[in-house]
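Next, two complexes with chain A in common: one pairs it with chain B, the other with chain C.
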Partner chain A sequence: MTRVGTVALNTFREAVRDRVLYNLVFFALVMIATAILVGQISVGIEQIVIVTLGLSAISIIGLLISVFIGVGLVSKEIEKRTLYALLAKPLRRWEFIFGKFAGLALTLTVNTAAMSVGLFLALFYVKHSIERADTAVLVAVYFILLKLTLVVALAMLFSCFTTPLLAILFTAGLYIAGLFVHEMRHMQAGTIDPALGGLLRGISYVLPNFENFDVMGAAAHGRVISGMLIAQNTIYAALYCAIVLAVAMAIFSQRNLK
Partner chain B sequence: MAEPAIDIENLTKDYPYGFLQLKKRRSLENLTMQVQAGEVFGFLGPNGAGKSTTIKLLMRLIFPTAGSARILGKPLSDIAMHRDIGYLPEQPYFYDYLTAEELLDYFARFHDFSAEDRRERVQRMLKRVGLESAGRIQLRKYSKGMLQRVGLAQAILHDPAVVVLDEPMSGLDPVGRREVRDIILELKKQGKTVLFSTHILTDAEMLCDRVGVIVGGKLQGVGAPSELVGLKTQGMEILFELPASGATAGDLLAQATRTGDRYRLQIEESGLYVAMEQLHTAGARIMSVTQVKPSLEEYFMHLVAADRAQAAAVEVRTK
Partner chain C sequence: MNLKSYTALFLFVLLGLAGVGHLQKYIDAQQSSAANEDDQVMLRSSKLVKGLSLEYAPLAADIYWTRVVQYFGNKQAGKQVDLRLLWPLLDVTSVLDPQLMPVYDFGSTFLSDAPPRGAGRPDLAVELLERGLKANPDQWRLYYDLGFVYYFDMKDYAKASASLYEGSKNPKALIWMKTMAAKIATEGNSVETSNFLWQDVYNTTKDPLVKKNALRHLQLLRAEEDIKQIDTLADEYQKRFGRRPVRTSELMQSGLLRGEPVDPLGYPYILSEAGKAELNSKTPLRDKWFKEPASK
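Let's turn to the complex of A and B:
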């Protein structure tokens, strides 16, 4: 595990030294500042506006980082051949994949945490207090983080066997499809051919269910998010990530590096 | 006989190509060779001959279509074996956001050295490759030659028993090439096994105990450079200067090539003493007398030409 940690820390260092990352964080801070501004002109619904815009910013920025940096984690190393010297060291290929994943997950955690601090500062600025009900915002941030790690795992899987452009398209496609899992499962009878409906239902169970991670509405209205949902989403994300990463590792272990 | 440091048996590699990747191009065919422990082995061949493919197969960067290889008696899949090997990729490129110190420290971590040991090794290696003053500069500011030196440093950082260098002289100026040659000779003195690929034949002649010549994916010959080119001399070469009055050496002068004040004469070995006598009579000053042997370059060019001729013949037959 030391070798995984070494790769992870270097991945984190790369992200920290990458100026693109700072630009994205800057963009997020601008979004939060905008939220404050919009919140001030939205009398009575400041919290809803600030939380919705803030969480959206965290989610969008996180998704951009997850997809673009996630795809580049493996493909850039192959393309630039930085991987060659590394794999000649006593490092297994699966350790490399896991290390890269852990490094980006750590980067996302730090970024999300930094942006969340910005969001809570914005809330405090408008409300002059932070209440117990605001923990729902924290849970929403946690769910965003779970969602992002799942996206990173998918991006890494695709980048293990296809070109960076296709990997981005596949990851984005799967993410969008994963937002409509509920609709796919509950197509009304009569609106669709039963066989096709059955097929869609089957696919919906294989697709990553990103809808489950969306509690933005509840967080904005200060509603309590159940412990059961937190546990369920945590286990779901962990299992799904484990499966996706296992497939990525299996593919990468057999890949010829040209 | 001791176990070879690198033992390659019938190694074959096909690369798929075409839209559906169904066609196959053979890059390496039934390569069998051994590199003995403690020797410097040069792997020679023109571009695209299969040198880098072989080295990548040994480093498990690609996987063989057929055949197998062992390093230090262990199969390539044995991760522990990688503690004892060092590898410099061709035209190395490293994380450009790191400094040389950080990069070497990063690689050293995979060998479980203590922090103090890592620090000491990193400084020692930077000094050894002449980069001690550039250790804290980000690699994105490094020249090609400097990157090559960092690559060499990371390859020998952990004191490996086997060092594999893919075109180590590439991108280096004469000073850099000399330094790499010195490092290879130093590794040999320490009893390390060095396998390096090159298409610069003078380097191979100067450094290698044995060389393997690969052309068109097939090994054409293995042996000491002198064995490969043959010990039979192709004649004698006399280098001499002639005073203005030395016109009596007429016959010999017609055969000689003049460069400035000097003449270079190539003759049969049996005619050496007669020619020397004539030159002496003509008042010539003999500068040197040397045996003319075929060079590794001539041997190499002969193999390349033969391979191209064979490829052309196959092409004609298949048309």
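Let's turn to the complex of A and C:
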């Protein structure tokens, strides 16, 4: 595990060196500008828009980092030929994959935590207080983080067997498909061939369901998010990441790197 | 690059930007003359907009709601009464985020108020509020809004009473809602009820625009009452002197009025040639608000 930790820590350092965390400044500026502007141009949604915009920004920035850096984690090492030096050391291929995944997950956690602080500061600026109902915002941030780790796992899986461009397209495509799982499952009978409907329903259960992590509306309106959902989503994300990473490790272990 | 080159570059950028800014004004003028208002709601299918918004539908709803406010505000500022895009905008917003309460609260007012205050579509306001109640059955406030639309804009006092009564079943509802439901069921329209409802809006709202609207309605209600009183005095004058008065000064000279009667904004009431009391032509109440009496 020490070897995995070393790879993870170096991945985090590399991300910081690549100025990934610079987006935090952009995020802070967006939140401040929004907090001031929205009160002037709209009616009755000052707090709601801070939450929805903040969570959307955390999600979008996180997704960009997850997909683009996630895909580059393996391919860049191959391109720069630094992977050969690494694998020459006593480091197993699965340890390399898991370490890279953990490193980017750590980067995303730091990034998301910092943006959450900015979001709560903006919320405090507008409301002049933080209430118990605002814990729903924290849960929403946690769900975004779960979603991002799942996206990183997918990006790494695709980058193990295809080109970076295709890996980005596959990850983005699967992510968008994962947002329409409910629609796939509930296609109107009569508008679609029954066999195709059955196939789509079947696929909908194995696709990563990113709708599970969408509680932005509930957070914006201060609705309580059940502890059971938090537990279920945590297990779902962990299980799905484990499956995807296991496949990624298996593919990468078999890959001919010559 | 030397200093001369930097200066030349700086001047080029500065002049270039000034030129671009100037050119933009001409482009804006061209576009505004050819602008089609329908472009403001390019995507009218709420389902399509929701699909395109991916998981960011609540944020898209906030953006759409801001567009509603801006659209309505611009129309009001421009004294335009054509608000046909208000419903498509509200429709999309309420589908994007069914829990966004200001859409129902303010949107129903924008839709139901008679022109020029609103779109004059209480039927759509009812549709919007019923949609809101379907998504948020525990929100007693929506029953209150529905009762308001039925009472003031549709004059359907049975439905107004039923809405207020339904809302009053919620333990968090305003304490007077049940009493008011009974009062409306018995009396129908009354100045006292209208006054009470608008006074409650005035006292409870935090939004300055809504407060101003409620104040205007309250002022108008008082003006209506004043006018009825003056007409009664004019009837009395006619009984005594055999003719209708044509000036309020005649009512004062006869001792029926103690002083010059003024509206809530301080403008004196006038009497028409037929001897009927009216608002002064100079009062802002008449210009903007007296197209339709508030209590009816």
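Going forward, the second predicted complex is superposed on the first by the 240 of 258 C-alpha atoms of A that agree within 3 Å, B and C clash if a C-alpha of one lies under 4 Å from a C-alpha of the other, contacts with A are read in each partner's own complex, and residues count from 1 in each chain.
The rule we apply is simple: a contact is a pair of C-beta atoms (placed from the backbone, for glycine too) under 8 Å apart; a residue touches a chain by one contact, two chains touch by 3 or more.
The structure presented is a predicted model; accordingly, all values stated were derived computationally and were not measured.
Superposition of the two structures on chain A leaves chain B and chain C fitting side by side, clash-free. Note on the composite model: angle chain B-chain A-chain C, taken at the C-alpha centres, equals 150°, rounded to the nearest 10. Of the two partner chains, chain C is the only one that A:S59 touches; chain B does not reach it. Of the two partner chains placed by superposition, only chain C is touched by A:F210; chain B is not. Contacts of A:R81 after superposition on the shared chain: chain B is touched, whereas chain C is not. Look at A:I41: by the touch rule set out above, it reaches chain C but stays clear of chain B. Of the two partner chains placed by superposition, only chain B is touched by A:K89; chain C is not.
Applying the stated contact rule after C-alpha superposition, one finds that A:I176 touches chain C and leaves chain B untouched.
Once chain A of one complex is fitted onto chain A of the other, the partner contacts of A:H221 are limited to chain C, with no touch recorded for chain B. Superposition on chain A places chain B within reach of chain C only down to 25 Å, the least C-alpha distance between them. Remark: chain B residues 56, 59-63, 79-80, 82-83, 85-89, 91-95, 97-98, 106-107, 109-112, 151, 154-155 touch chain A in the complex. The touching residues of chain A, counted against chain C in their complex, run 38, 41-45, 48-49, 52-53, 55-56, 59-60, 176, 179-180, 210-211, 213-214, 216-217, 220-221, 223.
Within the complex, the chain C residues that touch chain A are 51, 54-59, 61-62, 65-66, 69-70, 97, 99-102, 105-106, 207, 209. By the touch criterion stated above, chain A contacts chain B in their complex at residues 2-3, 6, 10, 13-14, 17-18, 80-82, 84-92, 254, 256-258.
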